[in-house]
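These are the structures, in structure tokens.
Here come two complexes built around chain A, the first alongside chain B, the second alongside chain C.
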Partner chain A sequence: MSALTAIFMRDLRLAVRVGGGAGIGVLFFLIVVVLAPFAIGPDLALLARIGPAILWLGALLASLLTLDRLIAADAEDGSLDLILTGRTPLELAVAAKALAHWLTTGLPLAIATPLFGLLMNLDMQASFAVALTLLAGTPALTFLGLLGAALAVTLRRGGLLLTVLILPLTVPVLIFGVAASNAAVTGSVPFAMPFTILCALTLASLVIGTFAAAASLRHGME
Partner chain B sequence: MPLIDLANPTRFLKLSGLLLPWLAGAATIALAVGLYLAGNAPDDYQQGATVKIMFIHVPSAWLAMAIWGMMSLAALGTLVWRHPLADVAAKAATPIGAAFTLICLLTGSLWGRPMWGTYWVWDARLTSVLILFLMYLGVMALWRSVDDPSRAGRAAAILTLVGAINLPIIKFSVDWWNTLHQPASVVRIAGPAIHPTILVPLLVMALAFVLIFVTLHLAAMRNEILRRRVRTLMMIEAQAAPGRG
Partner chain C sequence: MLRLEAHDLACVRGGREVFSGLGFAVAAGEALVVTGRNGAGKSSLLRTIAGLVRMAAGSLNLTGGDPELTPAEQAHYLGHQDALKPSLTVEENLAFWVQYLGGGAPGALSAVGLDAVAKLPAGYLSAGQRRRLSIARLIAIQRPIWLLDEPTSALDRDAQEQFAGLMGRHLAGGGMIVAATHGPIGLQQAKELRLGDTP
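Now for the complex of A and B:
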């Protein structure tokens, strides 16, 4: 088994077993979606109109807030030092960790969205459109958050500071994610235009996030 | 003089000490000339005298973006060449950049009130400048929350470089979601669309703002170097203090 698969499988196992955080993200997402009508009011027409935006905000917060332990836990138990000194390129190693994290956090969000869309009075087509945009967009959030997780280790700080640093970078993802969802609901602009830009943002953050996170770990750990 | 000669902080302090009075004088003169020219510039036939806000607003917007670019160069200096003054330069530039961004936002909203009838609209350009401001505040928060300057410097450098991807988004957002804000009208392929009576004062004001920035930046860098020396001396003293071992 190659080193990358080993890291990937280890992170998956750690996430789904007792003590791991898989499932918390979806629970958080559900609570944000449930809280929104209490703040806005039970007006079904209004909820249907802003539903995609609320689903995206909830997913954004859920995938970023679960990230700050992603590398910090490895730094505490010493496995980060092994990854750093190993022959596997650090960029690929952190990418494998991010992928495992996305499979246990981002993917469940996208799968749960059609169900949570019912709470927001979205019709079937709109719910699946939002789920599709989340499927394409949440990896971007994970890879940007990966940088936050790496900075959290090198600065020995976590929580609010990292959220403050990373959230501004997620604005384009949020814009095009919600724009694509709304395009599918209202049909005013073709769905493909914002959706392909969203995919491009995901690919760009895959590169930027992994390289920046690896650079941050290299410079911070010496 | 090669850049590496400035790597010695003592030499930098000496040279910048010589330069600072001249820079401050040049900035004052350029600002005086710029304000005079701006005061005499003709009013806009639609916007009246409020168009003069532009002479503050536009140069600060340019600087808000240019300072982040300068911080990105300094970040490369920190990460690639390990230039000892690069993170001093980046740290000293951050609050000044935040200040110019805030000036840009405030004058923009004062200008928007009579023109658009509201202090704030969620237009693409305004929004991206606001995000730039938030990112400046984020870098400042990072510098403030970590006590070891070199550790904070490397983290801030990586964050600055990643943030630099935001700069093209600001520039091109005008073309993406062209809503209320007028599109870029000075730097265009077809040449400036502004009449010279407005353009000349604007460029003089831009020069003045750049000189102000360079002056403030050099002074802030000197302060930062001295602050780090004081910190080192205090740590040495604390270690040498009796009863601490």
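Now for the complex of A and C:
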């Protein structure tokens, strides 16, 4: 257990220190959200209608932005070799890394959403609904990204491969995240149905991402 | 007593056979020095023992160790890279690995002469100091098998002598060392394994 705490605390520390890139995701998110009204024009009703979708797309792209360093950084400086010779199951070690990554990149996105919702002309209730769906959905993005990060290290390709591999897998998360947000905004369909499916997707990707990433790293030992 | 035996070991990397039919035995308190030209497979052999490269054929047995653990989990691999995070301090880097890999012998930093820079971010260390920090990790974590890949590169003469002393103490304490090297690293009475002579 202390080994997992160690790797979790180390990754948290690295993320908040200089060059760690914890704030980059939120900045990128802000830029996407600010650009959208410029591209769409000053139609407030239209902005409010597509607001949840823009926020979700922004958060999706922002959370993918920093994922390529999740395992690559450890692979480049030799830390991965030592992590592999540890006595902790690799699945738990990569899960601890992903959890630390989510806390420093995914969670800030959800926290910033109520503020950024103002830029999309969303009212407070709608903004908080989007924030809630992001809170439930961003772990899925991180753990799917973990799988991509492990594959990118194993195949010795850079971050672009990760994005291309992972974006198709995030489609269900995006669909149900936006559906739940829209349900909360319009009230035409119950919020609980898409939201529970979103939570289920997150739970499934916690397991699949963790085991697949560890399997990929083990298989890639060469 | 601890004993590491390899029979008919083969390694394939990138579709090319690096070595095959390799056998050796190392007992507690013994050191094995692996030599050979560049590309002969010295690093591949160490990485195979460390479980970082899959064995293509052969077997690797460790007797007398902890039966619950694989040979790789009782080995400490010191490779070309130092596995340090530049934004963490020297102390934090060492503390993390001790907590993650287990062990925790005190005084590792002073044994390699790094206690003066313990609070400095590792990014400011010179190549030799980074190597010393890796050696401090080796001592702190206390695994019985040391796998050293050119451990003395970047070390100055004093540090090399100091390291030879540390290796001697590890062997005297019942540990074993498998080291890949081009030059002498100060191990007396080490067995030698030459790679790449047989075509």
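As a convention for this text, the second predicted complex is superposed on the first by the 220 of 222 C-alpha atoms of A that agree within 3 Å, B and C clash if a C-alpha of one lies under 4 Å from a C-alpha of the other, contacts with A are read in each partner's own complex, and residues count from 1 in each chain.
By definition in this document, contacts are C-beta pairs under 8 Å (C-beta built on N, C-alpha and C of every residue); 3 or more make two chains touch, one makes a residue touch a chain.
Computed from a predicted model, the values in this text were never measured in an experiment.
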### Query
Between chain B (first) and chain C (second), which, if any, makes contact with A:135: first, second, both or neither?
neither
### Message
Going by the contact rule set out at the top, does A:53 touch chain B (first), chain C (second), both, or neither?
### Response
neither
### Task
Return first, second, both or neither, reflecting whether A:155 touches chain B, chain C, both chains, or no partner chain.
first
### Summary
Larger residue footprint on chain A, choosing between chain B and chain C, goes to C
### Query
After lining up the shared chain so the two structures overlap, which partner does A:79 touch, if you call chain B first and chain C second: first, second, both or neither?
second
### Message
Give the list of chain B residues in touch with chain A in this complex.
### Response
79, 131, 134-135, 137-139, 141-142, 145-146, 151-152, 154-155, 158-159, 161-163, 165-166, 169
### Task
Please give the residue numbers of chain A that touch chain B in the complex, ascending.
147, 151, 154-157, 161, 164-165, 168-169, 171-172, 204, 208, 212, 215-216, 219-220
### chain C residues touching chain A - in the complex, by the definition given at the top
13-14, 47, 50-54, 69, 72-73, 75-77, 79-85, 87-88, 92, 96-97, 99-102
### Query
Which of the residues in chain A end up touching chain C in this complex?
2-3, 5-7, 9-10, 13-14, 17-20, 76-79, 81-88, 221-222
